[in-house]
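Shown below is the structure under consideration.
Chain naming follows the written order as A, B, C and D, and within any one chain the residues start at number 1.
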């Protein structure tokens, strides 16, 4: 019997080693797998490459990883926010590398990795400094930039419900990067509000089929909170 | 002359959004446009973090922080709305499915180039978010901005000096002093606030301006 | 008030002109929008480019379009089936052009069109005759073929339920190409088993958001039948 | 010697599919493997037309023709299964998420090249379906085939003469006479049916064969 559920967050992240690349779901606080990130911090590994839309807010989640100096490089679209002071300090001190990727390219490159494409010609960024040094091509009168897939060793994501085969459904805009990161990581670890019996998620409404998920851990989360102003 | 307030600008943009349009309102000033969309029109607001059919802000105390917009503010969903993941959401934008995107700007060129993501100042942390995708994806990209900086410099320019967001992507500029069409043929004034002349507008902006329905003015 | 629902199938396809490119959903008979195709045949237009996984089965659907000589070119992955005799005859008589595309490339190229990509490097077909004359590239030690998006003027698809804003849900494996074709066509026309009140489809389970659908027509279909043996 | 029946071949393949594997069984002979997967193992069958967790055929009369496999046969869905669209389905395959794909073949080369989609005969209508995606996508691609054609020609060859489906994609061949590993280092015999010798197998196939655990035989 296949049961992908794990005892706790610590067990779920126990395979993540120094130097790993780790995708982390969430847009702002919605969909951010805080408890998995806490477990990753507790695990003590460093030299990580983090892929997330942002570069941490306030004190929790990705911000805490950066504060604890576990992150060598971050790939994100929007590192500058009012409460991203830990990234800010690390970046100004030269302690963290930043690869800035337009959000749509970030999503498309993650999706390309999951789908097995070698590269994509994307419309975004053409003629801007974020395309400097990249291959460009005109196709049917429009200009495109060649971008490569972003894959990772691990993805840490948050979903509403899961089952022992790893099927997931999400809640509202907490869905965001979860489904595509699950497809692009070698090992996807999902924290879910509750683990339900196999077959109780309607097969028509499964958003992430279990093939894309390797570990599921039930964490009855507190409600998602707002970003600090 | 009567400079338009930000609310007047938002109301003016709202006038040009037809029933049935799929629209993304960028973070900041463009968000205000939602307040002026006529209730009787079905207009579909998309937010790039994965929702279509976005409704107004919830009452204080009713916020659900898993139901937010791209500006990370709590919102609601209309009946008939839907949720989807980030790749599908940006496919809506990049695939040309949105009719209108309304964005703020640092500068717009008379040919429709947009600069709105980075001042380029040394030491400033660059952050692009969805700006470059929004700029080039929708069928029409509108910009809402004050025409002049606080220092009195025109933000409608011949050539952007700030780092570009997208090339030739803006079709219309709604400012506090005038509305312009921009594009391959340069800038054309569509409307001006009362008391403003085309000559004064040319002087303020320093760019060559045609006047809708008239011959080129400067 | 926006209401994308149409009176009948004839009204739904009334804008399709001679020479149009038309995607048609379905894998075998599952998801095949038979009544929309019948309406298209009745409309009398020809010189069509059809994009479908197959090249028609038996007498209905795409097979009927081919029998009636309305199809100039078909883009598909699997034209040869036991009951694809109308395609067979047309092809042998030189009356129809065939662009044969591996099924995964077909899906990926349709998805690329909907997502606004200019081209994709795809792993399938490298080293085979279906990649002859195409640009290839080695990326990270793997070989890829450059393939271009497939878009269309129209898509005809079948779904289980729809609403007046065009939101769709599908049924079982009748989903197949529907969601990606809806994203890749300028005008998508969906026949649905029933049109429901706005808001009665859970926003979490909408598969095709209404932005991708321009016309919806309610057709209480007979049950989908098996392919002829 | 004891040629294996098709059911014996299917049972032999099933032995090598571990619990937890995500598997696509190609149209035709490979479909039979499902009948021999041990019931106590959770093994996930995918069908490229958009389902994961495929169950056995329904009882006669219970067919739902919107619940079919890639061979367009009526199937069922297990509890815990799911439906998805064609792009996600082929992403499972092409993105390397499937563990094992089992396919039929016209020819397999000792280096793992596969020819299984087209005889190349003049006038034959070409039809590829998902064959090329299946061949190159899964972590391991197994082939199930009779070792010899009805005319006695080996289908395990040095170089495929039929049009290729994929290059170097097959890792193992299960035939009615022997099981082979194929790949960059050539073909290795893993098992043979009773009464067959490696010398006889070399003679029948006409290719150079190593024998697992032994030195090269011919």
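Please note the rule applied: contacts are C-beta pairs under 8 Å (C-beta built on N, C-alpha and C of every residue); 3 or more make two chains touch, one makes a residue touch a chain.
Not measured: the values here are computed from a predicted model.
The chains that touch chain A as well as chain D are C. Measuring from the averaged C-alpha position of chain A to that of chain B gives a distance of 29 Å. Our note on geometry: chain B versus chain D, Cα centroid distance of 55 Å, whole angstroms. Here the spacing of chain A and chain C, counted between their Cα centres, is 33 Å. Those residues of chain D in touch with two or more other chains are numbered 51, 77, 83-84, 87, 90, 93-94, 137.
Residues of chain C found to touch two or more other chains are 108, 115-117, 122-123, 170-172, 204. Because contacts link the chains in a way that matches no line, ring, star or complete pattern, their graph is best described as other. Pairwise, the chains that make contact are A-B, A-C, A-D, B-C, C-D. Residues 27-31, 77-81, 87-88, 91-92, 98, 100-108, 110-111, 122-130, 143, 170-180, 207, 223-227 of chain C are the ones that touch chain D when the two sit in their complex.
By the touch rule above, chain C contacts chain A in their complex via residues 108, 112, 115-123, 137, 139-140, 142, 144, 148, 169-172, 202, 204-205. The touching residues of chain D, counted against chain A in their complex, run 19-20, 22, 40, 42, 44, 46, 51-53, 77, 79-84, 87-88, 90-98, 137.
Within the complex, the chain B residues that touch chain A are 47-51, 63-68, 72, 74, 77, 83-87, 89-90, 93-94, 123-133, 136-137, 163-167.
The touching residues of chain A, counted against chain D in their complex, run 1-2, 113-117, 163-165, 167, 183, 198-199, 203-204, 206, 209-212.
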